[in-house]
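Input: a single structure, listed below in structure tokens.
Chains: A, B and C, in written order; residue numbering restarts at 1 for each.
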Amino acid sequence: MTRILHGVDITRGASFRGVVDFNQRYRLQHVDRNFKSTITTIVPLTDMEKLFQLRIDDDAERATFGFLPGQFVMLEVPGYGEVPISISSSPSNKAYIELCIRRAGTVTNLLHRARPGAKVGLRGPFGTHFPTGQMKGHDVLLIAGGLGLAPLRAPIFDITENRAAYGRVHILYGTKDPSQLLFDYQYETWRRVGGVELSIAVEHADADWKGEVGLITHLLDRLTLDADDTFAIVCGPPVMFKHVCSRLSARGVPMDRMFVSLERRMHCGMGKCYRCNVGHTSTCIDGPVFDYWSVMNLKESI
Amino acid sequence: MLFRTLAKAEFRKLVELLLAANEVVGPKRVGTNVRGEPLHQFLPVSAFDELALDYANTEFPPKTYFLPYREDLCSYRFGDDDWTQDIRYQVHPRVIVGMHACDINGLVKLDKVFTRDTFPSPYYLSRRKNTLIIGIDHLPGPKCFCRSVGADLVERGFDLFLSDLDTRYFVAIGSDRGFGLLQRVDAKAITDEDRADYLALRHRIADAFETHVDVQNLPSLLDIEFESKLWKKWGDKCLSCGACAMVCPTCYCYGVHERVSIDFRCGAKVKQLHSCNLLDFAMVAGNHNFRPTRESRLKYRYYHQHRGFVEAYDEPNCVGCNRCGHACLVGINPPDVIADLQAEERR
Amino acid sequence: MKYLRIEPRRPKVGIFDFTSCEGCELQLVNHEESLADFLACVEIVNFREASAARDDTYDIALVEGSISRADEVERLKSIRAKAKTLVAFGSCACFGGVNRLKNACDLVAANREVYGAHPKETLPVRAVKEIVPVDLEIPGCPVNKPEVERIVQHLMMDLPFQLPVYPVCVECKQRFTTCLYERGELCLGAISRAGCDAPCPAGGLGCWGCRGPALDANVEAFRSMVRERGFSQRELDERMSFFGGFEVRS
């Protein structure tokens, strides 16, 4: 080969725009950069779940961080991994966010042993939200099974803080047994300060249990509801929301006024890794909150 | 689009100009298979003659220069119970010579996912923007079905695209960067003869396809046949090895994991391409698996490429290169699976 | 460091060899650049190959080798009784390993062949889990040191560890290795557990499945594929029996 002294360097020259360096572009950076946050308080809820209060360290980042009820964050323990967690605190709370976390894998096991003061990373918020704006002026029915109360807590805050904007508000909550009830210290506040009706049932009572025993569908069947004027949010395992939503549908609540939150494995939160795909879409971008009609049309969603 | 012609010696000169100042990657012969056919991979070359521009297909897709199999998304430094995160996007200017139309169309599809949506990926963009692409036409092999999925012609996604007119190349110019490059060599304005020769070549290419796949009705067919028994038939064959997705020029699904050095001083968040056929693709903590069976995973690869992707971008996420069909040890390939689905529909 | 304000453990580790080549133990002192840091993470209380220290209390017992004598059975049981976590370390401990090939022979004849006029007391080879419960398996012939380091990090933090569940093909493709079948050679990569980073196929040698089967490996489809490519049943069975990780119908 003849040695050519003056080659064409694609990073130089008139028609070449030079090296395109994204390291200088802040707007693109923030999707990958996590907000460093401090775990300020850890509230034990059950054997398996704890509530973590997190405060974003940087004042400017904390001020700009905002979310809508139903959205989730990617919570990262650097060096160990990242998990999607739906936000359980009030959207109006700018001081800290709360995440209810069940001990299941590597990251959540570590978090359960972490102590206040620990530094974790947050990315987000991501995903769709419950349309609380659209629900204003209507009755609202919030139905949770088990850990499903965690994603419901943000809309519960949102609704109770703006209570006058809604009609009748009911919360139906069911778990396997009394030891699994989450946020039991808040029930009185929701009832008396929040002005919502809260009904709770457990499938298996223990010696101290004085409340309802049975499936959540029993609570639902007893409830009088104005089907033409009700929005429903249903969170829980697929078998639970399927039964609940089909009963609501049978009683005349339109499927596009019922909202569920789907759970899938997520690795990016940004619609790229496609690990959370369900049917023809991805849970992180088009979900996690879907109306029930959409869910019915997603293969393998139930 | 603007066109020029380039004498073959001038093209050689062009590549040598690029070689003198840049990393140049192209199809390189790496050996032969058991049937004596040559094997090619996209690898860095140091001389024009190392390029095997007449290659049929490469073992691995050029997507790995944009979406590497493994890449660190960020690094961490730890100190006591605190840490700092550092993100660096790799800026590595590179020239890729000899990409076929299907592979360029594969990149155009990846562009839709990684550059246009709500969260453009700076990792991908950094590589895409800093890579100059010179594509080349080829006569389709017996298993190529790019024409069936509209990936045999390229309109964008490259800088220059060559079609071999025996004595010269017919060059489509896809960017100002490509235009500027041609000014460094003796490129000629096209004549009526060039145009006629080029169109004749296009017909020759179009007529040479032996494999045809009808993908028009696939989005609805995949919904209707979602519960079909034939998925079990193919699923029973599937080794769930992920080879199909690894060699696919458009499969982009990935996983993220993190690692810490044994002295706990530094760590990294690592992205690694994954495959929807692998057992743990939809597995969550506690070992619940949303897709525990081989057939459900195999089905989802087709469902994503020909239903989910169409829903999002109005085109399938398949460019018809049949690398997956070739890499599959048990012979699962899109033309057969799709034909089977369509035969099921007519039964 | 006190990560997340959690005090990591510095577990006491005992390393014990049974019927094996001790090559997996040797891997522990391999990877020199991180050896000092590795040793800082654990307190090695019993390691015949590298240290004179002897202490009979340990949190983690790394057990290398298969079990092939009555006295080994007893020794293993006493280790199990003392260890909080018992790790089957390497393919011999996990599956019986190469030693297991012996089980297919007439044991008396094999004994005579090897030891001549001085036969040794011997039993059919068994994996550790066939005798005592095993908490964690680290397969590989030999084990992969970076993977061992990751596992130790998990043990220090009391975290569950998951080996890759998918087959070697993924790692092979990710390092641009031409498929061995393309070259007309036998390879078990499509049914064998990944995590080794596929060094053998990259070096031109088909996978021998030293890490045992991938989770839910489709062995049936794999067998018919191999048959269709002209390899004999016997050749495949021999390959699959080699490290003892696969069920081979004989």
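In this section, contacts are C-beta pairs under 8 Å (C-beta built on N, C-alpha and C of every residue); 3 or more make two chains touch, one makes a residue touch a chain.
Nothing here was measured: the structure is a model prediction, and the numbers come from that model.
Enquirer: Taking each chain's centre as the mean of its C-alpha atoms, give the chain farthest from subunit A.
Expert: Centroid comparison gives C as the farthest chain from subunit A.
Enquirer: Name the chain with the Cα centroid closest to the overall protein Cα centroid.
Expert: B
Enquirer: I want to compare two interfaces, A-C and B-C. Which one has more contacting C-beta pairs?
Expert: Per the contact counts, B-C leads.
Enquirer: Could you work out how far the Cα centre of subunit B sits from that of subunit C, in whole Å?
Expert: Averaging C-alpha atoms per chain gives centres 37 Å apart.
Enquirer: Could you tell me the distance, in whole angstrom, between the mean C-alpha positions of subunit A and subunit C?
Expert: One centre to the other, that is 42 Å.
Enquirer: Check each residue of subunit B and list the ones that touch at least two other chains.
Expert: Within subunit B, residues 78, 81, 259-260, 264, 283 contact more than one other chain.
Enquirer: What are the residues of subunit A that contact at least two other chains?
Expert: 77, 79-80, 105-106, 117-119
Enquirer: Among all residues of subunit C, which ones touch two or more of the remaining chains?
Expert: Expected reply: 3-5.
Enquirer: Which positions of subunit C touch subunit A when the two form their complex?
Expert: Per the touch definition, subunit C meets subunit A at residues 3-6, 154, 157-160.
Enquirer: Would you mind writing out the residues of subunit C in touch with subunit B in their complex?
Expert: Subunit C residues touching subunit B: 1-5, 34, 37-38, 40-41, 149-150, 152-153, 165-167, 169-170, 173-176, 178-179, 181-184, 189-191, 214-218, 221-222, 225.
Enquirer: Which positions of subunit B touch subunit A when the two form their complex?
Expert: Interface residues on subunit B, with respect to subunit A: 16-22, 47-49, 73-74, 76, 78, 81-83, 85, 87-89, 91, 93, 95, 113-114, 117-123, 125-126, 129-130, 132, 176-177, 179-181, 183-184, 223, 226, 252-260, 264, 267, 269, 274, 276, 281-286, 290-291, 296, 300, 303-304, 307-308, 311-312.
Enquirer: Note which residues of subunit A are touching subunit B in the complex, please.
Expert: Contacts found on subunit A: 1-2, 4-11, 13-17, 19-23, 25, 28-29, 31-34, 36, 76-83, 104-106, 108, 117-119, 121, 263-265, 267-268, 270-275, 277-281, 285, 299-300.
Enquirer: List the residues on subunit A that touch subunit C in their complex, please.
Expert: Touching subunit C: residues 77, 79-80, 105-106, 109-111, 113-120 of subunit A.
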